[in-house]
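Scroll down for the structure; my scribbles are underneath it.
The first chain written gets the first letter, and so on, giving A, B, C and D; residue counts start at 1 in each chain.
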Amino acid sequence: MSLVFYAIAGLTLAGALAAVLLKNTVHCALALTVAFAGQALLFLELDAQFAGFAQILVYIGAVAVLVVFAILLTRGSETPKDGVYSRNWLAGLVIAAGVFAVLGWAVLGSARALPHETAAPTVTVLQIGNALMSRYVLPLEIVALLLTAALIGAVIVAMHEKEGHK
Amino acid sequence: MTPLAGYLLVAALLFSIGLAGALTRRNAILVLIGIELMLNAANLNLIAFWRYGPHPEALTGMMFAIFSIAVAAAEAAVGLGLVIQIHRHAHTTDLDQMNRMKG
Amino acid sequence: MIETADQIFVLLKHWLVGFLPATWQPVAGVVLSVVAIIAFFPALFALTVWIERKGLGRMQNRIGPNRVGPLGILQPVADAIKSLIKEDIVPLSADAAVHFLAPLLLVAAVFMGFAVLPMGRNMTLVNMDAGLLFYFAMGASTELAVFMAGWSSRNKYSLLGAMRAVAQMISYEVPLLMSSVAVVMMTGSLSLTKIVAAQNHYTWGLPHWYIFTPWGFAGFVMYAIATTAETNRSPFDLPEGESELVAGYHTEYSGFKFALFFLGEYLAMFSISGLGATLFLGGWSAPFSFLGWVPSWIWFFSKLMLSICVFIWMRGTLPRLRQDQLMNFAWKFVLPLTLLNLLVAALWRFLGEGWERWVVCSAILLLAYAFMGWEGMRRGHLGPRRYRYAE
Amino acid sequence: MLGEGILRGLAETARNFAGSFVSAERLTTVQYPEQRIAPMEATRDFPFLVYDGADWEAGLRCVACQICEKECPPQCIYIEKSKDKKPDFTGKPQFYPARFDIDISVCMSCQICVEVCPFEAIKMDTEFELSTEDRFGGLLLNREKLAKPNEHYHKIHPAEAAEVDARLAGEKDKADAKAKAAAEAAAAKAAANVAAPAGPEAAPGGNAAGNPTAKPVEGESRA
């Protein structure tokens, strides 16, 4: 457990906490970006270069920007007067704490069985490409289909209804 | 504590934070943000298990994470499209006010 | 001798690093390279500003700056001093923290892109296996910086400019990536060093650059269009249209922060031109085999500056597009053509070495271009603007 | 074919770029502080007050009628009428401006003050290098700074000034003739009664009515 890991983990968790705690919605989206960036750094720390860059490209370059656009299109940047938390926030908090307790207990309980430091695997982009095109070609095609469907679906859902079409 | 346990704990914490956000916030977009965080936590788990697992050369965990990233992008696009459509219809993104099933 | 001139910066770095103890040497080498990049490109920025102002002046039959120094060469220095000593104004209602972070984030993200560019033989800061992916990941993060700048200013012009900029950058990122993917398909690698190496051989003294193939030429044209939009240069400079949006997302910035935005814009232009040179123009390789003795970094930077000059030429020529024309052009013209270009590149690969592939690939691309251009002009998406009420 | 126009445009700018190095007449830039081009006859920017003779205070044509002050759209003129009177160029006693200020930071150079002035007293100048370090006091011109001799007017707008001079000379002749006639009439009556002062005062009213018709003709001749 190096110092770098603690720093990056701290950054990620701080970003995530800020994303769910801050009042201003745009600030939340920006904090979310920090969490995404921290996560990408964690991927790099785990020697998963490709996944890390894909994380930055997809999450920071696309998802964060989408979130920001949605916030501005729904006028969400104005803080509502009657609080930002839901009526039954306490129940939500208790559930989340419970989930964390269970997960943490599971991880710590099995900590001894977990493998120790192993040699860093060297994964080239070529290997990933070969795997995508041979062993994982079916999932790849399904994801392609899913993305196309999502593209069309998102366009249809968000499209303005034409005037006089009611 | 082994490195893997550290990553798993971070992922668990991230997941819980995302869950808390999704359950306690009013704004639909922030609920989506919470869900994104939970997905990210799952990805972190996948990558960590891939890295410290017995067969990293098989690329299974990594592939799973890459596919999951792609699916998350689709999920975000559709989800935010829905939120925008709801806002257009009901003029609010406050989930506490969306308590009717009638249009 | 030739070898020394070619590797002069590498040797210089090794010589300087040699003074340090062995454990420090790798870190010191990286730091030295980073410092060199951070020092060199802003200097190039100053030179480019001068070239741009003089060149635009000449295109409009003016003289351009000629007061500060001989031929106005010190004008960028004067501009820099002016922006450094200006008052730094933060609007009262602005979101101070985000307002402060936006220009820093922009410049930092743009500088990161230089890390993977091969600027000469053995002159890549980080020789990454997924270099191209890294570059595009860094390019994607600039969008957020632009949004932060526009939103935090609490000014409707800034916000509008930022939204335009982000929408435009997302729209043109798709053709940008797609046209680069054709090159990746041919090379079989995301590493920029390998992409250059794949183009660095000669037949009859002529290079095998990708621009000299039908798909490469079409890809390069599409790449050039997408980069112009991606860097918010004229004719795609709607996000900062001075006449409509009072400079868009950096309206509320003054002094040094404004200079940072300006710097970021030009640095993005340098890095994306450098990437274009790497992908399509053979990177640091010489245009003829008998010119191989000229140092490789000279070739890289002359290709880069040539692209910059074309950018300036375009800016001097074309008027600004309208928002709907911009989006129509991206989604209805450039994107279909880049997708077709991917297919053509695959076809090129599988047609073998003969002359047939030249004919087939060129014919497909030309026909598609002609048909889509004709169709677009007929429907009024593209082509000269028709005035309904005037005339 | 799509893209044709873009290529043509690029060729045009390239021609301009190369041509500006070859042919000197393409570059129309004037290196301003060192080189100057003479202003055109119709040039006008800010108003000034015309005076005749050598003494500016005595020779001011302005009679402080305050028409320009009332007509000025941005209200940049401030006039204080004098308590006493002094004779004008026809020898008739008139008021004069005790104070005449123009704030040229407000003035929009519309020339309406010139159009409405019945006495040809305010005209447009061609002086444009008016920068100053004091943006409030330095741009508020008082009557001393505004007063410029008729010769200056002749220098900047020769044709117009000659026309104005001719008209003023005609008025003076008319006024002289009238005065002479009045004097003769008075002598002929040889009455002990004092001549009514209302007689001479009718002249300015006649002038004011005559001027607006004269101006458009003048404008046409200049154009």
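Everything that follows uses one rule, which is that contacts are C-beta pairs under 8 Å (C-beta built on N, C-alpha and C of every residue); 3 or more make two chains touch, one makes a residue touch a chain.
Just so it is clear, the structure is predicted and the values come from calculations on it, not from any experiment.
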Contact-richer chain pair (by C-beta pairs counted) among C-D and A-C: A-C
Geometric centre distance via CA averages, subunit C-subunit B, whole Å: 34
Subunit C and subunit D: spacing of chain centres that average the CA atoms, whole Å: 57
Interchain centroid distance [CA atoms averaged], subunit A/subunit C, Å: 29
Intercentroid distance (Cα basis), subunit D paired with subunit B, Å: 77
Residue numbers of subunit A (touch at least two other chains): 50, 54, 62, 69
Every chain pair meeting the contact rule: A-B, A-C, C-D
Residues of subunit C defined as touching subunit D within the complex: 55, 58-63, 313-314, 316-318, 369-370, 372-374, 376-377, 382-384
Footprint of subunit C on subunit A - complex, ascending: 26-27, 30, 33, 49-50, 53-54, 56-57, 60-62, 64-65, 68-69, 72, 77, 124-126
Subunit C residues within the subunit A interface of the complex: 98, 128-130, 133-134, 136-141, 143-144, 147-148, 151, 159, 163, 166, 170, 173, 188-191
Contacting residues of subunit A [partner subunit B, same complex]: 1, 5, 9, 12-13, 16-17, 19-20, 25, 28-29, 32, 35-36, 39, 42-43, 46-48, 50-51, 54-55, 58-59, 62-63, 66-67, 69-71, 73-76, 80, 83-87, 89, 91-93, 95-97, 99-100, 103-104, 107-108, 111, 114-118, 120-121, 123, 127-128, 131-132, 136, 139-140, 143, 146-147, 149-151, 153-155, 157-158
Residues on subunit D engaged by subunit C in the complex (per definition of touch): 1-3, 5-6, 9-10, 12-14, 16-17, 19-21, 26-29
